[in-house]
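Look at the two complexes coming up: chain A is in both, with chain B in one and chain C in the other.
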Partner chain A sequence: MSAVAAIARRRGRISLPLLIGAGIVLIWIVVGLFPGLFAPYDPDAFDYDALLQAPGLAHPFGTDSFGRDILSRVIWAARLDIQIAVFSTIFALGFGTVLGALCGFYGGWFDAIVSRVIDVVVIFPFLVLIIAIIAFLGPGLFNMYVALAAINWVSYCKLMRGEIRLQKQLDYAAAAQVLGYRDLRILFRHLVPNAMTPIVVFWMTDMALAVLLGSSLGYLGLGAQPPEAEWGVLIADGKNYIETAWWMSVWPGVAIITLGFGLSLLGDGLVVYFGKKERS
Partner chain B sequence: MERERHETPPAVLSLRDLTVSLPGGAGRFDIVRGVSLDLRRGEILGLVGESGSGKSLTLKAIMRLLPGAMQTRGSVIWKGQDVLAADAGTLRRLRGAEMSMIFQEPMTALNPVLSIGRQIDESLKAHTALDRRARHRRAVELLDLVGIPSAERRLRDYPFRFSGGMRQRAMIAIALACDPQLVLADEPTTALDVTIQDQILQLLLRLRDELGLSVIFVTHDLGVVSEICDRTAIMYAGEIVETGATRTVLSAPLHPYTQGLLRSMPGAASADGRLNAIPGQPPQPAARAPGCAFAPRCAMAGPACSVTDPVLGPVLGSVRAGHASACLRATDLIAEGGQP
Partner chain C sequence: MPSGNLVLRRVVQLVPTLFFALLLLFVMVRLLPGGPATAALGDRGTDADIARIEASYGLNRSIAEQFLSYLWQIAHGDLGVSYSLKVPVTELVLQRLPVTLTLTACGSVLALAIAVPLAALAASRRDRTTDLILRGLFQLGLSSPVFYIGILLLTLVAAKTGLFPVGGYGSGFLDNLHHLVLPSFALALNFAAVLFRNLRSAMIEAMDADYVTFAIARGLSPRVVLFGHVLRNALISTVTLFGLNVGWLIGGAVITESVFAIPGVGRLMIDSIFARDYPVIQGLLLVLVLTVSVVFLLTDIVEGLLDPRLNR
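Coming up: the complex of A and B.
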């Protein structure tokens, strides 16, 4: 009883991680939507009178080797990195969720085949597979989205499949069947909405990982291409100056960490809010 | 049961030799064995037995809700049509519109993410041609019918805002949305406390009278049975061992198992205040000995009982119409007075 009551009491609670996480993510979304309002300079404007300036009053985050204002570049990069967070995950989420729901609901040979495909995909190290696909398709953001959609659906598929297998054994699923509803209606109107909680929570974590991955690939020159401002690209720009101009790499790094941290906190907070125990 | 002496309306639902089997070590073994039943219009039939006796499986077999691994044989005739042979489309039309089911746990049988109104509406949408406003009127009418106050407002509420008893009422409202004639109730009052339990039973009785429902009521509670069931069938180890009018079965049982059940009720405790439990355990379906399944636990069992499989049939010497028992020594029970 106490465990049940504890979960019931926690359910619907706005916890501190949820507030902080949502706050951080919201700030970054606003910044990403309206970078012009926050950036003091044009992010691409060269200023040869202010090369590699240390952080100061005129340039709070300093300038890079072309005299571009780091703060402005970090702010404009937020737009791109939030886009990466969403686009790298949303297609995998859509496809994986639908496929996982069908597998969990129908089982049988269809499920068996999909499950084997998943097994094959997860055998490969994630990053190696992504890099291989991008290397094949050519570097760039669009190809990065394609590669992530092609690989990352397995996580959502596995999660949804397991959740639907659980949900379909509950009484309300039988009740829907007894009321004479069509299979697909039972699945997508009754079971899937009840199975979405872990998907949404995982999505938050996944977006945090996507930001890190997007930056890693940007750093490696496989994602966003310079001169486009992207946090990973900015860090890569600064790597040759790390001993003399640390601010070129550190500030975009801080930006990545805060957004990733915010998304993770948001995910944790949602777990509490939805009152579900975390599943691995 | 085919040899009823009284004029009775024809059965709307007939089970004949319904058998459910599971794959096991050596071949398949039966977990429901040759169940035959008739249900008439406006009748409430109690299906009584302990956990694992196959009573819920029987209900689920009628509704075709059993998982694929369980094989069903025999026939379930609903208004002249064999449900077990029905195709998916026919089954969809039957379910909800003609036959519906009430579950044991009102806490889990409602979809938590849809409001009660939406859940009623969905059933009406699936089975009737009513427009949106007519469906809304019908939904309000249904909540009124099952005694949920301020229906108009409650339709917008989600299940978690309902108490257990109210949820069970809401379940019944959803089940009755499209005017089914057959309601299968799987221990609908077991999860409720006693006062609410009584309210739900009264509600079912009233709905039966008002709507002419036929109900199969699965329970392990003989008190509930005596309150609402017209006829009763007692199940043991997947078989019906005794059936007849509820009053007859409960007052003059002709099967030692029924007698044991009655003796083990708290009201019939022995002088030292202990419950008279039936000794032993029901047999495992996979390891059934020949003969009567109850014989190993039966005080009356003779040598024949562990050899011959008894058949459910009228008992020689019983004056009650439709009273049938599957006991080789049923006649001896009459001689002994048939009283628990």
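Coming up: the complex of A and C.
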């Protein structure tokens, strides 16, 4: 057993969570990219002869109060929810990583100021602040991305800052300095690539959270706006029919859970794949 | 025991952070688009009307001037009067905040009650079927949105069995708790999953530690080792996690409130933002920020109590 455990700690191991997670995420990405190939119906087509039909042969997930096919709507919504997962996180990741790298590398007054700003931002309850900013800017996906970019960079910045402070003490950083490389080249060509692993792992978890957050905001009416098909919006649509037509809300929820599940498994699998981190 | 000095230092560190948080909040509220007069009058308001109303709220003064007088107000324990509801903000906050905080507290306690025993069970059966099943279930719990769990609980439990009310809030302590059972459960699930994952690894790490091997070698019973040594050490990460997640929990409580139609701060905040009711928005967020910082402070102190090495 201990031999197995030793192998498990080695880098590059493809673990079961990695496989399952990557598989689920890949399926959703393909579905999101080519919804037309998978959806049996037009997601927006009304069918007054098939209102609120229970799941059956013609409509595997049933139909909603306008006779729209739920399976097709869930499939088309995947496109939007994957977009939410990426756009809600990517700007925070870019900005936070660069800022954190600079802070960790240079330290000094710049780092002190950024750290104070982070202290101020983290003292606000995250979700409440996001909801507040979106409510101010007006409901909608674009404003949701703005709000998340404005707040969420903090997590990436803290993570990168700590990583760079660790990396810059290692021998190869000193070697690069002795070779006479410029600061920014050392930082972005040598240190940052070595510090990206925890960022990438956190990004997976963060995307899983973004899917949950995006659908929650869609449900609250602050995210994607109807008639756009988004999983949270679909659940909100079905809420009033839940006693009579449970399928309207239940299937989009299953979609959210599977994508979130896939992303967080992928994150776990990547931790194993990149090898257990050594702390000095 | 953390020295009084350390606690004092933490409190002093908190003051500038709170000050800047308040400043940020104050400026943000005024710089973001819209204003209380435009929100109230809509398209019908003439420029003169808007200017008159804003002047009556003192919004025609410079932001610096407004901020100083707001600080003066707060220093006297006055959060101002709501523009749209014409009620003192303190009154509104005292009415709504306890509901949200009770929900947050119930959710946290429930999460602990679910996660701690199951994490201990999973850690002691590491990599066996029980462990794998529990890990899979909690991984699913981690990916389930609060509002979805809430809707399912409302339909499957409240409506079908009639054991619990279908939303709303009660009157009197026990009735309130009865109304909060399902919402707390919806709120608890995510946090329980976070706790479970971390506690399980913390316990496994502790089980492999030398002091536990030594404790077993001394002939202590497994129960004593589990509760006295392993759990005690895992407790530190629980406290840390609570501190890290309290912001999420409060946010989750706000979403839960909307699903179960509970009159907490959530609805009030969104309504007052749409009405650009600055005193209410500022008051609510300020009190929430205070709550979070008090929790940060307490977790720091408790961590120090549990692990004296952290006090340095």
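One rule holds in what follows: the second predicted complex is superposed on the first by the 268 of 280 C-alpha atoms of A that agree within 3 Å, B and C clash if a C-alpha of one lies under 4 Å from a C-alpha of the other, contacts with A are read in each partner's own complex, and residues count from 1 in each chain.
By definition in this document, a contact is a pair of C-beta atoms (placed from the backbone, for glycine too) under 8 Å apart; a residue touches a chain by one contact, two chains touch by 3 or more.
Treat the numbers as computed from the prediction; the structure is a model and nothing was measured.
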Which superposed partner A:F66 touches (first chain B, second chain C, both, neither): neither
In the superposition, chain B vs chain C on chain A residues touched: C
First (chain B), second (chain C), both or neither touched by A:S249: second
Touching partner for A:F126 - first (chain B), second (chain C), both, neither: second
Contacts of A:P193 with chain B and chain C, given as first, second, both or neither: first
Contacts of A:Y172 with chain B and chain C, given as first, second, both or neither: first
Which superposed partner A:Y181 touches (first chain B, second chain C, both, neither): first
Chain B - residues contacting chain A, complex: 63, 65, 91-97, 100-101, 103-105, 108-114, 122-123, 126-127, 171, 174-175
Complex contacts: residues of chain A adjacent to chain B: 170-172, 174-182, 185, 189-190, 193-194
Touch list for chain C against partner chain A, complex: 16-18, 20-21, 24, 28-29, 32-34, 139-140, 142-148, 151-152, 154-155, 159, 246-248, 250-252, 254-255, 258, 266, 269-270, 273-274, 281, 285, 288-289, 292-293, 296
Residues on chain A engaged by chain C in the complex (per definition of touch): 116, 119-120, 122-133, 135-138, 208, 212, 215-216, 219-220, 232, 235, 239, 242-243, 246, 249-250, 253, 256-261, 263-265
